[in-house]
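What follows is subunit A paired twice: with subunit B in the first complex and subunit C in the second.
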Partner chain A sequence: METSMQANKEKIDVRKREVGKISSIINKLGVYVLVIALMILGTIISPKFLTASNFMNIIQAVSLLGMVAAGVSFITYSGNFVDMSIPCIMAFSGMIAVDTLRYGIVVSIVCGLLTGSAIGLINGIVVGKLKANPIIWTLSVAFVGNGFMRWFYSGKQIYPDVKGGAAADVFINLSRTDVFGRIPLIVIVMITFMVLGQFVMTKTKFGKQVKLIGSSYEVAKMTGINVNKVVCGAFILSALATSIAGIFLTSLAKTGAFYNGEGYDFNAVTAIVIGGMTLNGGRGDVVGVLGGVLVIGLLSNVMTLIGINTFSQSIVKGIIFIAVVGINARSLRKLGRDDA
Partner chain B sequence: MLDRLESLEGMMHNMDKKKLLNKLDYYRIYIIFAIVFILMSLFAPNFLNVFNIVNILKGMSLNAMVAVGFTVVMICGQLDLSIGSNLTLGAMVVIALQPILGWWPSLAVAMIAGSFVGAVNGFLVAKAKIHSFIVTLGTMTIVQGLIFLLSKGSALSVNDFTLADWLEMPKFGFLPPRVIITVSIVLMFFVLIKFTKFGKGFYLVGGNKETAWLAGLNTDLYLILAFILSGLTAALGGALLAMSISSAVPTLGTSSQMVVIAAVIIGGTSMAGGTGDIFRSMIAVIMLVTLFNGLMCCGAGYEVQIFASGLVLAAVVLGESYALYQQDKVKGQRPNLMAELKKGALQ
Partner chain C sequence: MDGKEILSLDMRGVSKQFPGTLAVDSVDFQVRPGEVHALLGENGAGKSTLMKMIAGSFSDYTGDIYIMGEKVELNSPAAAKAKGVGMVYQELSLAMPLTIAENVLAGRIPTKGKIFADKKAMKDQTIECLKRVGLGHLDPFACIKEISQQEAQLVEIAKTLGNNPSILVMDEPTSSLSREEVKLLFGIIDNLKKQGLAIIYISHHLPELFEVADRITIMRDGKKIGTYNIDEVTTKSLVEMMVGRPVDDTAVEVQNKVFGEEKLRVEHLTRHGFFHDISFNVRANEVLGIGGLSGAGRSELARGIVGADAINSGKIYIKGKETKIRSMSEALANGIAYLTENRKTQGLALRISIGENILSPLLKKHTKNGIYSAKRGESDVLAVMKELQVYPPDPTVTVGNLSGGNQQKVLLGKWVATKPQVLILDEPTRGVDVGAKMVIHDTIRRLAGEGNAVIVISSDLPELVALSDRVKIMKEGKFIGELIKGDLSEESVLLAANGEGDKLSGNIYAS
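Presenting the complex of A and B:
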C-alpha cells in the first residue's frame, strides 16, 4: 500500500519534471526556436536565402524596428504595456529635424532628439507619477501629436533638400552610409542599441529597479525605489531610441510627414512580446527582443520568397503572433511562474 | 468636546465634498456635451438648425453602435482593438453578399461573421488566458488581411438603392430610420447591461473577477459573451452604414476605431473595469461628432478635428488620473485627526 503510494508519488513527480523540462526549454530558448525554424525553411525553399547579401537585407529592413523595440522594451519591462505614441514621436522628431536643418546638421539632430524626449518626459510624468493607464494616455498623446502636426504643417510633407541646403545631403545620406565597407550605419546603430539595452537591463541598478517595478509595483515602492523617477526614465529612454529611429526613417524616406512611422507601434509590440516579454512586466530581456525583431524580418523575407502576397502575409503574421504568445504563456503557467 | 464636534463636522463636510465630486465625475459627459453644444451654437455658423442636427445624429449612428460592444468589453476590464476591422468586415460582407442572398440574409451573415471573430477573441482571452491587447491586436491584423485579400483592396457597391433610400428618408418629421434603429438598439443593450441581473454580472466580472467567480458567476462565459457582443455590434454598425450608402470600402473602420475608444473613455468607462455604461458612451459619441461638425461649420479641416478630440481625451484622462492621485495621497488618513494635527497638536 505504502509502496504503491510512493510509486504513484514518484510517477506524478516524474511527469511534472518532464512537463517542466519541455516548458523550460521553450522558456529558455524561446523565440530562437522560431528563428532557427524559419532559417531552415528559407534554406529549403530558395537557394537565394542563405547568402550574405540576403541576410544583410533582412537585418537592414528591420533595423529601425530593432531600435524602437530595444527602447520600448524598457516600458514593457516596467509593466507599462507599450507606448502607443511611437509613430507620433517618430514623425514629430523627424519633422522637427528637417525643419531645423538650416541651422546645421548637429542642431537639427539635437532638436529632433529633444522633441522626442520631451514627449517621452510628458508620458513618463503622467504615467509614472499620476499613474494614468499607459495605453490610453499614450494613445491620446498620439491623437494630439498627430493632429498638431497636421495642423501646424497644414497636412503637407516637408522635404530636407528644400529646407536644408548644405546640411540636407548629410541628412539624407545618414541612413545610406556604410561603415567598414559594407555594413550600413543603421544596422550598426541597431546592434549597438541592442547590446546597450541588454547591458542596462540586466547589469545596471536602473535595469534591476525597472525589473522590480515590473514584477511587483508595491514591493518596489516599499523597497524605497523612487518609482516615479524610474518609470519616467524608462519612458524617456524609449522615446530617445524611438526618435533616433524616427530621424533615420525621415532620412530614408527623404520626407518629413505626419504619417511617418505608422505601424511601428504594433510591430514593436509584436517583436517585444514574441521575444518573450510579458505585458505584465518584469520578464524577458533584450536578447529575446532581438529574436522577435529577427522573426519579423525573416518571416516577411521567407514569405516573399515563397510568393505570398502582402495581405496573406499579415494574416500569417497575426496567427503566428497569437500562437507564439499563447504557447509562451502556457509554458510559463506550466512552470508555475505565471501570475496572470 | 467642541473641537471633536467641529472635526466631526469637518469630516462630514469632506464626505459631502467627495460625494459631490463623484457625482460630478458621473455626470461629466453631460456637462462636456452641454458646453460643446452651447459653444458651437454660439460661434459656429449654420450649426443650430434641424438639418444639421439630423446630420450629427446620422454621423453618430455608426460609432454609437460600435461603442456598445466596446463599452461592455471595457466594463469587463479588457480591451478590443479589433472593432475597426470587425466593422469593416460587417460592411464588406453585407455589400458583397447582397446580389446573391438579398439584404436580410446577408445582414445575418455579417452579424454571424462579426460574432465569430468576437467569439475567437473571447475564447483566446478567457480560456487560453492571453492578454486581450495581444489577442485583439492579432485578430485585427488577421481580419484586415482577410478583407483586403477577398476584396483585393477595392471598394464594393450595389445598384439596389431602395433600402438605402428607406434608411435615410426622414420619418416622424425629421428622424431617419437608421438613427431610430441605432438608438433603440443602444437603449436596449443599455437596459440589458445596466438593470438586469444578467447584465450586472459584467460589472462584477470587471470589478473583481475572483469575487465574481466565488459568487457563482461563470466568469469565462461572461468574458466570451462580452467579446461576442463587441464583434456583433461592430459588424452590425458597419453593416447598417453600408446598407444606407449601398457601398463599402476596406478602410472604413480605421478612423472609427479612434473615435470609439476616445468616446468610451470620455464617457466615463475606466480601463480598470467595473464602471461605465452604454448610454454615457453614446452621449460621448454624440459629443465628439458635435465637436467635429461644429469645427467643420467653422471651416476647420480634419486635422483640427483630430487635434481637438485628442485634446478632450487627454484632458479627461489627465483629470481622472489626477483625481485618483489626490485620492491616493490621502488614502488611509483620517481627516478629523489630520485637521486636529493641523490646528494645534504641533504647538
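Presenting the complex of A and C:
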C-alpha cells in the first residue's frame, strides 16, 4: 500500500506542469492586469492623474454602472447572457419614484424599487419558467416599457421639484450626499453592492446554484436544483440593483425621463465580459466585474486626459471589448478549458 | 524495422500537455502502409489525444511527425487533411438536415462556372464514394436523417474516403453496427488495406481486434507500453498491459445474500407513451437490474420515479410509506439518487471542478447560517475520490479535462456522496474502460452491501448479470418478466429482452 501510494505520487508530480505561462497569468489575474496597465499609462500621461481627487472622480463616474453590473452579473453567471431591459428598469423606477415623491421620500424610493423588481420578476418568470430567449425577451420588455412610459407621461419628462414638494430636495440630494465628509454615498453603495455580490456569488447556496445552472442547465436540473426559482431570483436581484442605480441616476439628472439609463446595458455587458465573466455563464466573479467597471472608468479618464472626444472614446472602448473577448477565448482554449 | 521502409505515419517522441496532465508522454508510433494498426488503452491512456494530434487538433504538441517519410506540421485540421489524414469519429460528424451528397462532398462540391452546384457531378461523385463502402444503392439526395444510424456510420466513412486519405483513423467504428454490418465493414477495411491505406483502428472490443488488426499498440497513462504483432498477444495479455497489473478473472461470487427491508416499491406506474403499469420493489442490500433493448422505456421509467418527468398514474412507496415525488430535489430529500445515462449533458458540469461537481447535490447540507462552505464537504469529496480512484486525485481539476472513465467515476461519486438509500444507475459504465468499470462495480457492490438498494439499468449484459440479484426485463414500456440470480446469464437476458426464453417468470413481486 505504502509503495503504491508513493508510486502514485511520483506519477502526479511528473504530470502536473502548467502550460502557457502568459495564458495562465491572464486567466488568474485577469482584468487587473489591464487596470494596472491603464494606471501606469495615466501616470505617464498626466501629473493630474495620480491624485486622490482624480481617483474619486473616476470611481464616482462609474459607481452607477458598478451597481448595475454587480446585479446583472448574476444573470450572466446563470448563463442567461444579460438583461437588455436595464435602461427601461432604470428609467421606469426613476420616474415612478419621482411621481410618488409627494407621499414622502420613503414611499417614493420603495415604489421605485418595487417597479424595477416587478419587471425583474416578470423577466425571471418568462425566462426561467417559460424558457424564453433572455436577450429577445428582455429586449421586447425594454421596448414595451419604453413605449408605456412615453404613453403614460405623454412623452414628457417629470421633475422632482415640480412633483415632490418637500421631499424633492432630499431626492435630488441623494446622489449628492457625501458620507464621512468626503466619500460620495453612491460610491459607498456601489462598493457595498460589489462586496455583497461577491459574497452571495461565492459564499452562499444561491451563488453556487447559479454557478451550476450557468455551467450546465440540464445538469443543474438533474441534480435537484429548482432552476426556475434560481433563475428568477437572479433576474430579481439584478433588477433590484438596477432600479437602485436608476433612482440615483434620476436624482443626479434631477429629471425623470424615459431615456434615462440609455447605454447602461452595453456598458454593463462590457464591464462584465472584460471582468472575465464569460457570456456562457458559470465563470468569473464580482471582483472581476469590479475590475471591468474600473477599466471602463480609467479608460474614459485617461482618454479625456489625452483629449480624445466622447465619440472617439466609444470606438476605443468597442475595440478593447473585442480584443478582451478574443484574448479570453484564446487563453481559455490554451488552458484546455473551452467547452468540450 | 529496417531504415529503408517508408512509413505511412511515423511519430517520434510526441507529447501533448494539458493543465495538470501530460496526456501523451513522448510516444513513438509507426504505421506501415497497407496495415491495420490497432491502438488500445484504457480511457485516459492518451489514445484520443494521440489521434487528435494526428488530426491536427493541437497546435502545441511537441515531437516530430513524418507522413510518407516527409516531416509535417499538423497544426490544424485542414493541414492534417491536406497531408492525407482521414478521421472517422465515434460520434457522427454528419449534418443531419443535409443530403448525403452535401455531406460526402462537403468542402469540395463540384460547381458549374464556380457558382452553381453541379448536380449531375455531385450525384456521380457521391455514388462513387458510396460504392466503396457498399452503399451504392442509396439515393445521394436523401437526407442523412432519413437513413439508418448504421448507414450513416458507413456514409461517414465514405465521406472521409472521398478526400483520398493515405492514413485512415477509425475511432470505435463498430459501436453502433450489428454483427453483419461489422462483417461488411471488415470487408471494406480489407479492401482499403489492399489499396495501400494505413488504417489506425481504435476499439475497446478486444475480440474484434483479433479479427481485423495486423499489429497492435498498447498505451497506458500517456505512455506507449509496446507494439506487437497480433499473433503475439492474447486477450488476457492485452488486458494486463492495459490495466498494468495481473488480471484476476475469477468473478466475485456473492452467496446467500440476505435482503433487508423494502426500500422502494412502485405500483402501477404509468406515463402514457413511455411506460405502462410498472410494479416492482427493491430491498435493502439488493441490486435490481432492469434489462431490455434500448428504447424499451427504461430511462423514462427512472425519470418518472425521480420526478424528472410527470407520471400519469401509479404510486411510489418509500420504506412502505406512500410518497409523492414531483422533482429531483424531492427525490433526493427522500434518499433517492439517479445517475443519468448521459454524463456530458445531464450528469456533470464539465466546466467546473471535480469537487464542485461532487458537492453540487449537497449545497443545502453544507450551508450554515446562510454561508456555504465547500470546506465542510472536502472530506466527503476526498473519500469518494479515493474509493473510486479518480485520477488525477486533485479535486480542483476541471472535470472536462478528465478522461471518460474518470468523469464517470466522478459522476458516480457525486451521487454516492449524497449517501442515498436508493441509488438508480442508468448505464453506469457506458464507454468506460475495464479498469474504471471494475472500480465502479466495486463501489456499487459496497453500497448495496451496506443496506442500501440499488437499481441498475444497463445495456451491457455482462455488467447486468454480474451486478444484479434479479433482473426485470422491460420491453415496449412494460415489464415482461423477471430473471432471478440462478437463471441469470447473458444469453437468458438477451433472449428475454427479445421476448423469448423459458426462464422468464411472470410479472410478479419477488417474495
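What we mean here is this: the second predicted complex is superposed on the first by the 320 of 340 C-alpha atoms of A that agree within 3 Å, B and C clash if a C-alpha of one lies under 4 Å from a C-alpha of the other, contacts with A are read in each partner's own complex, and residues count from 1 in each chain.
Keep this in mind: a residue touches a chain if its C-beta (ideal position, glycine included) is under 8 Å from a C-beta of that chain, and two chains touch if they have at least 3 such contacts.
As the structure is a computational prediction, the values presented were derived from the model and not from experiment.
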**Prompt:** Taking the superposition as given, does A:69 touch the first partner, subunit B, the second, subunit C, both, or neither?
**Reply:** neither
_Output check: A:283 vs subunit B and subunit C. Expected answer is one of first, second, both, neither. What do you get?_
second
Check the residue A:220 against both partner chains and state whether it touches subunit B (first), subunit C (second), both, or neither. second
Note to self: Quick check on the superposed pair: does A:212 touch subunit B, subunit C, both, or neither? Answer first, second, both or neither.
What the structure shows: second
For A:204, decide between first (touching subunit B), second (touching subunit C), both and neither. second
In the overlaid three-chain picture, which partner chain does A:319 touch, first (subunit B) or second (subunit C), both, or neither? first
Subunit A residues where the subunit B and subunit C footprints coincide 340
Given the complex, residues on subunit A that touch subunit C span 8, 11-12, 14-20, 24, 203-205, 207-209, 211-212, 215-216, 218-226, 280, 282-283, 334-337, 339-340
Per the touch rule above, subunit B residues touching subunit A in the complex are 79, 124, 128-131, 133-135, 137-142, 144-146, 148-149, 153, 258, 261-262, 265, 271-272, 301-311, 313-314, 317-318, 320-322, 324-325, 328
Interface with subunit B, subunit A side, in the complex: residues 81, 126, 129-133, 135-137, 139-148, 150-151, 154-155, 266, 269-270, 273, 278-279, 309, 311-315, 317-319, 321-322, 325-326, 329-330, 333, 340
Per the touch rule, the subunit C residues reaching subunit A in their complex are 17-22, 25, 60, 221-222, 308, 327-329, 331-332, 338, 340, 344-352, 356, 360-361, 363-364, 367, 370-373, 392-394, 398, 400-401, 414
